[in-house]
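Please read through the structure below; I'll follow up with questions.
In this document, chain identifiers A, B and C correspond to the written order of the chains, with residue numbering beginning at 1 in each.
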Amino acid sequence: MSEWFDFAIEHLPYVLQGIPTTLGLWASAMVIGAALGLVLAWARIYGSRPIYLAATVYVEIFRGTPMLVQMLFIYLGLPEIGIVFDPLTAAIIAIGLNTAAYQAEYFRGAVRSVPVGQMAAARALGMGQFQGFKNIILPQALRRVIPQWSNEAILELKYTSIAYAIGVTEITARAEKIGYETFQFFEVFLLIAAIYVVMTSVVAQILLFVEKRVSVPGL
Amino acid sequence: MPYLVHGLSVAIALLVCLLSLGLVLGLLLSVAEVYGHWTLRIPCTVFERIFRGIPAIVLLLLFYYGVTDFIEMGSFMAAVLALGLRSAAYQSQIFRGAFLSVPQGQMMAARAMGMNKFQAIRDIVLPQALRMSIGPWTNEFSSELKATSLAYVIGVVELTRQAKYIISNTQGNILIVFAVVALMYFIVNRAGNWALYRLENRLALPGFEHRGDA
Amino acid sequence: MLLRVENIHKSYGDAEILKGVSFDMEPGQSKVIMGPSGTGKSTLLRCINHLTEPDQGHVFVDGEELTSKNLNAMRQKVAFVFQDFNLFTHLRTVDNVAIGPRKLRGFDKKAALDLAYQELDRVGLSDRADAYPAELSGGQQQRASIARALAMEPKLILFDEPTSALDPELTGEVVSVMNKLASEGMTMLVVSHEIGFARQAADEIIFMEGGKIIEQGPPSQIFEAPQQDRTRAFLNVIEHGGHE
């Protein structure tokens, strides 16, 4: 055990240098996912038939296939038709598009759980449908969605490690590199396992704090 | 294409193995967590937290590169263990929720008849809890099907790895190959969900049928 | 003597719920326990078959003391009927009744089912044998749970307010089953405010308040000439004000 600590301390700095990449990848993907997820949710609730169908197909495809396949498709496949991304960008896009599909479902569920009377009251005040959505429904729905959204955020933080498979030098990739240099694979993967556990716990605490801060009685 | 079908069969074999391991272990964990003494509960909860906190990829690498230092095993076996233990952690959550949602009166009535705790769990609570677990378990099935693709990183020649070989050998058709692969996952996922949904309805008790959409 | 309850004490935290309760029952007797809400009637009943562990005191059934060692065997002799039925949700009515004989009394499947049909007949539910609990009315569920108790062929049945979760029009069907059992010589200890059952079937009324028995005697005495003011006041409420 103490040997492991010595090992961990020696290699920690190198691995930790990957954290900005991991967190940057995660945050960018979550932002893309939230924005696109909201649009998709809107489309699936209020959209006309073709828009509804398009959004539904999107959600089904991205939820029905593995993220790794999506990432390889973007990183290795799209260059065939002239669209080339560097690994980090490809990973951000893949994770972002993937989480958008999940977030859309959470947003949709949350919007659905806002009583219909709320929209009726907004319309009665003279708001249009979009205004009513933006000003009345969304603020309530977003508060309700926080627990599920937090869960999703933490899942995605762990999924950023998939970017390692297309050569993004985030922490998992750095760990593997150390593994090949030292042949102490077990030790180094144990180290990053611990780092992920710490990262996800910290993020979970922060999100819990946010949830408490924005909570409204009765919601 | 035959290569892809072979890759798919490996993926499905991996899926079946890891889900079975996860099912047995997950059930044991959940029983221990709900009904066990605290000396049993705490290690089970720690196990669950750890395996849910570590990314699947890291677990795969840990088992493949790491644990094979101590115990000889192939990449398929490493993938079954890594993903299976992780699935056990997730499944134990599902079963725990189901156990807790069986009304307490059921256990009480069973004990009042003279059943011991084991009999009451086996004959009364478990059959009800398992029925309630099928819905959430369907999500776990989907997640794990997709997670099998991650065994790619430790060289298990499952569907995704097979696709990668094909495109390295043939140079080109990358989009098509990945589209076909995606379609395969999609179909297996849909078929599995459909079958589980059927099972859930078949076993549903009168008065507890599905409300609304699939 | 079939049942001897000796000096039962039970506290939850600082609150002493049962403050030393003792009484006996002979085979074939029916006793009804009455008393205000929160007095510890349910707690007493649950202490009798150790669904709740008493802090102090002893319970003897047929001369044998109930201990943690013989708990499951003794519970087979002392059946319990719950206020909210607690039928096993995943089993058809007949299987609810058969499961005890099958799993606990060593009956084979056919014998267990035969007995179950017989007991369902006894409570007038033969025609609902294949229904699931959720498909039964409250009164039918309670009769099924009585059949489940009977299938254990117990020495004694404990009833905890068996009709208080039922609509008034369904109470009668359960009470008449209980009357019938009493007249067939079943030993029954019943927590209930059903005056009809108490007058017709009970050999003795036990009146509890504040965790103690404050008065007991035959129904004629308790209803016509209660000794204690508390008893009289309480009976006034339930006879004229219906349920509390």
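Operating definition for what follows: contacts are C-beta pairs under 8 Å (C-beta built on N, C-alpha and C of every residue); 3 or more make two chains touch, one makes a residue touch a chain.
Since the structure is predicted, the reported quantities are computational estimates derived from the model, not experimental observations.
Ranked by separation of Cα centres from subunit C, the top chain is A. A comparison of C-alpha centroids places B closest to the centre of the full protein. In whole angstrom, the spacing between the mean C-alpha positions of subunit B and subunit C is 45. For the pair subunit A and subunit C, the distance between C-alpha centroids works out to 56 Å. Each chain gets one centre point, the mean of its Cα atoms, and the points for subunit A and subunit B are 22 Å apart.
Annotation for subunit C: no residues touch two or more other chains. Listed in rising order, the residues of subunit B touching subunit A in the complex are 49-50, 53-59, 61-62, 65-67, 69-70, 142, 145-150, 152-153, 160, 163-164, 167, 172, 174-175, 178-179, 181-182, 185-186, 189-190.
Put simply, subunit A touches subunit B in their complex at residues 60-61, 63-70, 72-73, 76-81, 158-162, 164-165, 172, 175-176, 179, 185-187, 189-190, 192-193, 196-197, 200-201. Across the interface of their complex, subunit B is touched by residues 49, 51, 72-76, 79-80, 82, 84, 86-90, 99-100, 103-104, 131-135, 145, 148, 152 of subunit C.
Considering their complex, residues 103, 105-106, 108-116, 119, 123-124, 127-128, 131, 205-208 of subunit B touch subunit C.
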